[in-house]
Structure formats: structure tokens, C-alpha cells
């Protein structure tokens, strides 16, 4: 029992970080599930993180209120980004979003009044693992509901074939714009979650590291179902901790190798509803053949 | 049993609190056994070069402490490392893992001030003694749990700047400074103040960023101000690059730098252009004369086949500090007792600096060495040539 | 026939030009589709038939000319707006959504039929749930119509090509269109299957849907189309009653001239 | 005035490095459709290979540079064949290759860190031309002249190759549509290998020359080049090496002038804002042609 307790204490923080990363992965998934590869989650996270930190630090707001403001701030940021970026073709879109990540850091570095500049901000309060868990559960519930709604159906159609979807009366722009709003809000929440988890944020907190963690988590877990990013974030966060325990010398190399292996052997990620359908179809075909053989015999 | 232990420990802590003068009181000894010290290392990532020195210094200290039994009779310390790559999130994770391990009594961490800032609240909240070994932002230590054995910048720089003003008598000084590093901003301002008080003009201030690598343009900019002395207040990689670029572009005037250029690999990389450039440091193996410093340098040389730099000295000191605190405890040591014991230490012994007073959990050295590389790669005392 | 000829025009294509890098895929074409008719669009490969369909549905925009649909100009509209007017289509190479079940495909086609807003459907309000159920039944009904209801829960991409075509038709019917554009609906089908499609087309027409279909099978065109347009090199070759169109010597030459073997072409299609 | 001209040349040389790197990065993006996060590692490794070849064998400067360039090219081929080739047959699009390249980035950077002992190394001053050349009143370091000339030569050579030679036509075909290219008789495997090699070698050249000129051979070398080279490619337009060259030089000069005359704090901000502005207002870059699209 005590050993279990120790284990939890040791790796509890990994779970906390995994949950924070799950927000980022879900935010990335929100746009990716409408066929947009975007790194702008980092920007939304920065907006949310610094907003939340300032709300709590400067104005003494309650953490929950700070989360709310972070989500709204991220969503507003996303509205601006979407209106600028959605006109671009997919490749340019990805590049523009990458450029925005770089700009976000430079901006954060040069606005010390808001972000603390190079010294960053100490976030004076924290949230419990349980609160974070509840928040993530609620967010996940949102994704679950969206997945099983008209929006979910339309977004999948837009992702698979935007042109075909548009001839059915689905506006890809509106779906993708909505996706950005969701991505922004969830990214903002994630930024706040990270701020309250780390209790210290600086412009480097919201930089390339998060961008790659979230993309990798999403693709690793699977970008075709909301459960994928969550699984991906958990694995991708736990991986370094596990690697450190197993092969500390080549931790980073091992992380990279795992990433490549997964891409080569499981390109659609761990959670893939389509694979289930394909397996079922294959089984059915076998059954039919089986039946046919039986009747022959 | 429990009550007796409690009262004993209570007595011990009273003693420890009241008597920093008697930290090695023979009657109070921790129980024999193996205890772990957590070390959040930075052996990969942007600061790996320095990170390795800190780690080596700490490893050597632990080895010596165990051999000498200087943390108590039968007390065996084990150094447990967790890598952070200078990343705040990974550092926090490493710390919480140490906190979860009941055998870990204290943790040492962090080169970067922002990372230290991230780790600090966790250590305080979870009551884990944390000894900072690299971060220099003022105000980081918070008794009893967070202490720092790194000397804050300031006095050393002032001392060197005064010396330079006096010996070189420059008319114009141009400064290089890290735009994105508070520590160096502070050092630059302290130096500039000294110079301007002495009536020496500021020719220009050239800002660079830590991640920069190309310094031909900044060097051109600095040379164009026609300075008699160029003071380089930047982190290691830029400092080395700036000095190389200044010399490559034909600047023949005086240059000064900070202790970032003291490690041997920097000389290996830049070579001759570094010769004769003064820098302040609190430890340099070749010119620190105390027997402790000599012994440390010899042991380090034997173990790692290279002379220790100022970072190694800090890693070494951090472990010595923890051992000294541990030794003053009685019975089964707890983190809280260790933190209190360390908080009450006024002088770390033995130390390689020839005196390292601790004030409010913050190391403070007033002896600064002004050193410089020779052409053949040795550090000597700078005489003002 | 007379009956159809008296019907008002539903779709008018007026001197439409579409160029791709200097080559005119459609070069000043004019064509008319009457309401309540089954209109064939025929012509050899590369004649610009699919381009025309893309122009009508807004996937491409004409460089010159106008397209009218029930009195509205379509030239500058976005595909989703055109779909909103009641034009839907199928594709030459079946374009079903990967990873979706058959029912989901058809429900996506019913997107315009939904009444619940994003928010109420997200909150799962009873009205939204009822709406979802209604559309689902509608979709099932459409699947039954194309005789694919038994595959509702299967992954569409695991089905045969002919089955996928029928699902695509069901999907296109989802929003109760006024004009249905079928791009080679019988490609890759045997005669019996193709005839079934022809019968389905008539059924749809009788239910009030106007149909414009690209078709290579001359037998089907003469059997099922009320009128037709023949294209070649992006231009109009003939328009009118299918039999007279095919009898037109220009059409004969353009369509069968080079190979001079209509039967062989038919069998290849 | 002299300062102005000297800084102009400094900026030009710096920008030439960005452009050299960017040409390689852009080649892979426009021809193979891969957004390659590992590209910076090619430059780091090229510099490291050049450094160790010199350290171990004491070869003359041009040989060390050539070895580095060759190393960069070979590395690019290895990464392509191990990481990207398996994805090609599956039509994974940009995302799959991006993730794999992130994996390679982590691995190669980490190995490069080990190879250099996490230190920043430097070529000894005696190993390369490090004198100053007197041009009128100006004194210009020899390395800057070498860098500037390297970019000019590489740009012209690669531009001619792509525009004139048959290989270039084939590369464009593969870039346009690999299926169509295969049908038209282009051996796309050979073209892919060749493109990868050229890309790695060009970026490698930027790495070696930059490593020498800035006395900084380390695993972080490529990262810096990557951020700015990426900007040069976007501003210049992906499928035109001339655009990348001009944009790179421009960015270098702007960067130096912003630092000299305005403030270092704004330097990167100006670069990236310019980058974003180009993406949004003129996504095809300075010289980009209108018909580049890969849906």
C-alpha cells in the first residue's frame, strides 16, 4: 500500500502534466479533425496562461474565474487567427502557424509588463490534481458531445473531403472557424492549467516544445477520435519519465525512435475507429467465405 | 520510544538553532545508514557543458564525504540524478519524484533562475530542502527550505571594474550585454556605474541575445565606437563568440569578461584571443591558494582528468553544505530537521573558496579573484598588463 | 415528351467558358435542362462534362458566361450556397468519406435538413435529439430506396464499387434536392445493375427531382433520358431528344468516328 | 558611412547563410512536400563532421568543408529513406512526415550533443582563411567573402539545374505530382534521392561555413539557421531558389541594421513579423509563381 502511495506521489506530477498536455492535444485535435494542421495552440496557450496568471496574481481572481477568462481569451485570439489564416492553403497555413509560434515568443519576451519578460511570472496559486481532472473531464465531455452532433459529422466530412462536403451545403470555412474557436478556448484552458501546475511561466514555457509535444501526442494517440489525443498525451508525457527509468543515457534518442516507429507502424495512431470497422468488415468477409465453404461441403 | 525520539530531536534542533557555532557537536550524530541526495542535473540541453561540471563537482564531494564519514559515522550518501535538460517542467517533475522517495533528504538544482523559480514553490510546499547551485537571481533563497550556495553577482564585478578603471585608465568603454538575461544586465549596470563614477565615458552598449551565434555585426558595431576597453557581460557561448569576433575583426584594445570564460573548454575553443582578458571569479583551480582548494583540484583532476572550473566548485560546495547540515542532526534525520540545520549554518566548511559565509541562506563571498588566461591555456592572476 | 418540353427551364448554361492554363475545357457552352426531366450529358472523354458539373455545383467558377438555376445566378456562389438552393451531385470516381459508416455518409448528405442548431445539438436538448432521430430515419429511408439499408452500420469503403455508387446517390438525395447531378452513375456496373439505376432515376424524376446525368451507355441514354446535350472539346455539338442527337452525323463522328466501333466503346465503358 | 557599408556586408554574409540553408529546406518542401523539422540537424552534423575530419586528419580547409557537405547530404538521404520512404506509399500527407521528422530531429540533435560533448567547439584559427581583405577603406574577413560567393554559386547552379537540365524538369514533375511523374517515365526514386542529397548538402554547406565563421560548432547550430532559413524560404517563395537567396540576404541585412540602428530587442520580432506578413499577404513569396499548389 505504501509502495503504491509512493509511486503515485512520484508519478502523480507526470499525470498532472499529462493532463495539461491533454488540453493542448485536444486543442490541436479540434482543428486537425477539420483537416487543418496548425501550431497556433501554442499561441492560445500563451494567451490563456499569461491571462490566468495575471488575473490571479494582479487582480486576485479565483482560479476558476481565471480559467474561464483564459478560455475566453484563447477563443478570442483564435477568432483573430482564424480570420487571418483560414484563407491560406493547407501547407501555407501550417507554416504561418509555425511563424506565429515564433512571433508569440518574441512578443512575450518584449512585453514584460504582461508576461514578466525573460524572468517570467510566478503563479502564486495552484490547483489540485482532482480539479484539473474534473476540468479535463468536462472538456472531454464537450468533445464527446461535439463528436456525436451535426458539427462532428460535418467536421469529419470537411476533413476527409472539403469539396464534397461543400456540395452538401456544409461550409468548410464555418466548420473550420468553429474548430479554431474550440481550439482556442481549449488551448487557453491548457495554458492556464500549465501555469497553475508549473506555478511559474515564462515566454519559453509556451514555445516549440509544446508545439511538438501536442502534435506528436495527437498523431500518436490518433487524430480521428477525441479519445486519441488524451491517450497520446498520457503516453507522450509518461514516455520520458519511463525512458529515464529504463535507459537514462539515451532518453532523448529513445523518445525519437519510439515516435518514428509509431509513425511507420501505426500511422493513424493508437485510437482509430476506422481500423475497427475495417477489421469487422474483414471478419465478415471471412465468415461469408466460411459459410460458402460449408454450403459447398 | 516515539516520545523520546521526538524530544531528542527537539533538543537537537534547539541546539542547532542556538549554536551555529557548534555544528559538529560530537554528541549529536545522525543514525548510521544510507541516505539519498537528489540532484536535478542539466547534462543535456543548452547548458550541458556547465551542467556536467556541476554534476562532477557534486559526485566528487559525495565520494569524499562518504570516505571521510563527514556526514556522520556510518552515514553513506547516495547521489541520485535526474536529468532536466534545463526545462522547467521536467525539473518540477524530477523534484516531485524526489519528494515521493522517502529516502531522499535534500535536493540540489538549477542553473537557470527561471527554472529555479519554478522549482522553488514546490520545494517549499512539500517541505523539501532545496540547495540551489547555479541560479543567481536575488531573492531566490527562502529559509528554511530553499538555500543557495552561489554567490550573487555584484561585488566581484565591482572589484574588477574598479581595478580596470585604475590600471587601464580607459577614456571610453563599450559594453556587450545579454538583452535577455537579468543577471548579466545587473552586472553590466554595476560595472557601468563604477566606470561612469570614475569619469569614464560609455562609448556604446551592444545588446545581444543568448541564442545568437553570429557576432561579426555586433563586433563591428562595438569597434565603431572606438573604445579603449570592451566589457563583455554575456553568457558563455556569446561571450566566447564576441571575443573571437572582436579579435578576428582586428580589435586590439582591451577586453574584459566574466567568469563564464573560465572553464577550460572555452579556452580550447577560442584559444589565443582569450589570453590576457581579465575576469572575476570566486574559484580558479590554478590560483586559489587555500589547502582546501588545492586538495579539491587534485582530487578532481585525478577523478575526471581535467581541472575543475568554477561550476564544479559550486556543485562540490552544495554537497558539502548538505553533509554539514546532516552531520549536526541527531537520530533519524528528517527533511525538516535537515532544512533547519542547514538554515542555521553560518559558514560552510570545508570549502574551496577560503571562506563562504551564509547569510539568510544565501552564500556571500567577499574575496574575488581577478584572473586571466595565459597564451598557453593556464589561468593566472591578472596583474593589469 | 411533349409534356417535358412544356415544362419551364430549371437550369440554363449560357456561353460558359472555363480555361485551365490557356486550354478551354469548356468553351462557350450553352445548354438547358427542363424541370422534371432526365437530361443526359454525353460526349467523349475530355469533352468537359465533369468540368461542367463542377461549374454548376460551384467547385469551379466560370471565367465567362452565366449559369442560371430557377432564376438565380450561380457563377459566383460558393458550393454550399448552391447546395442550399437544391443542387446536389455524385462523382465520377466515387468520393465517399473515408472512415464513415454508410448511415453516417447519408446523414452527412442530410446536413441541410437538420433543424437543430450547433448549440442545442451540443447540449443534447430533446428537440435536437428528436431532430437527429428524424433525420436518421430519413437517411434510413433513403438507404432503403437504393436497397442499401442492410449495410447501414458498415464502413462504406469496405463495400463494392457498385454499392458505393448507390450510397453516393442516397447521400446526394439527403437534402431533398431539386436538381440532382449524376456523374457517370453506372460506370463499372453490369447491365442489370445499370438498368436498376435507370429505373431508380425514373422513380426520382416521378417524385419531382430533375436529373442531369453524365452517361456513356448509349442504350441507357436513349432508354431513360428525356433529352440530352452532347459536348465535344468543351463545346455544344447537339441538344434535344436523345435519339435525334445520337443520329446527328457530327455526334456520330465525334463520338464514334475515330474508333468507328460504337459497340466496343460501349463494352469498354 | 564606412560603418554602414561594413554592416551591410556583415548582414549580407549572415543572410547568405540563411539563404544557403533555406535553399536546401525549400527544395525538400517544394519537391517532396515534406516540412522537415530535422533539417537543422543536417547543418549541425555537417559542421560537426567537418570539424572532426579536420581534428583527426588535419585536412586542408576545402576538404573539411567538402566532407561536411557530403556528410549533410548522406544524412539527408538516410533520414529520407528510413523515415519518409515508408510513409510515401501510404499517402500519409504532410502530417506523417512532419512527425517522423520531429523524431529524427530529437534523435539527431541528441546524438550531435553527445558527439560534441554538449560543448560549443570551434575550428582553430589556423585551419581556415581568417585574414581580413582590404577593399578600399573596408576590411572584410575572408570567410565572409567565401560565404557570399558560395551562395551566389549555389543559387546559380541549382537554378540552372532546375530550370534547364532534364533532372530539374524531372524534379519539378515529382514536385508537381509524383504519380504523373512516374507515368511520364521519370524515375521518382532517383529524383527523390537526388533532391534529398542536394538539400542536405546545401544546408550542410551553410552549417560548415557558419560553424567556421562564427567559431561555433555545436548541436544548436542548426536550430538557429532553421528559424531564419525557414523565414527566408517563405519570404522568397518555395519553388524559386533565387527568391530564397534574395530573401535570405534581405533578412540578414535587415537583422543587422535593426540591431545596429534600432534595438536588438526588436530584431527577431521584425524578422518574424515580416515572415507572417508575407505568408498572409503574399503567400507565394517574392518570386513565387501562381500555380504552386499541392492539395
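Details
First chain written, first letter: the chains are A, B, C and D, and each begins at residue 1.
Everything below uses one rule, namely that a contact is a pair of C-beta atoms (placed from the backbone, for glycine too) under 8 Å apart; a residue touches a chain by one contact, two chains touch by 3 or more.
Values in this document were obtained by computation on a predicted structure and should not be read as measured data.
Under the touch definition stated at the top, chain A and chain B share these contacting partners: D. Shared contact partners of chain A and chain C do not exist in this assembly. Among the chains present, the centre nearest to the common Cα mean is that of A. Centroid distances built from C-alpha atoms place B farthest away from chain C. If each chain is reduced to the centroid of its CA atoms, chain C and chain D end up 49 Å from each other. Centroids built from CA atoms put chain D at 31 Å from chain A. Chain geometry summary: the mean Cα position of chain B and that of chain D are 38 Å apart. The distance from the centre of chain B to the centre of chain C, each centre being the mean of the chain's C-alpha atoms, comes to 76 Å. Counting partners per residue, chain D has 110, 265, 268 as the residues that reach two or more other chains.
Multi-chain contact residues of chain B (touching two or more other chains) are listed as 44.
Within chain A, contacts with two or more other chains are made by residues 109, 252. Judged by the touch criterion defined above, the protein chains form a pattern that is neither an open path, a ring nor a star, and not fully connected either.
Two chains count as a pair here when they touch; such pairs are A-B, A-C, A-D, B-D. Of all the residues in chain C, the ones that touch chain A in their complex are 57-59, 78-80, 82-84, 88-89, 91, 95, 97-101, 104, 107-109, 111-112, 114, 116, 118, 121-124, 128, 132, 154-155, 158, 171, 174-175.
Touching chain D in their complex are the following residues of chain A: 32, 37, 84-85, 87-92, 94-96, 98-100, 102-103, 106-107, 109-110, 212, 215-216, 219-220, 223, 250, 252-253, 255-260, 263-264, 267. Contact residues on chain A toward chain B in their complex (touch as defined above): 6-14, 17, 109, 118-120, 122, 126, 194, 197-200, 202, 204-205, 209, 240-241, 244, 248, 251-252. Against chain A, in their complex, chain B makes its touches with residues 44, 82-83, 87-90, 92-93, 96-97, 99-102, 113-114, 117-118, 121-122, 125, 137, 180-182. Across the interface of their complex, chain B is touched by residues 3, 6-7, 10-11, 13-14, 17, 110, 113, 117-122, 124-125, 130, 132, 139, 141, 144, 210, 213-216, 218, 220-221, 224, 256, 259-260, 263-265, 267-268 of chain D.
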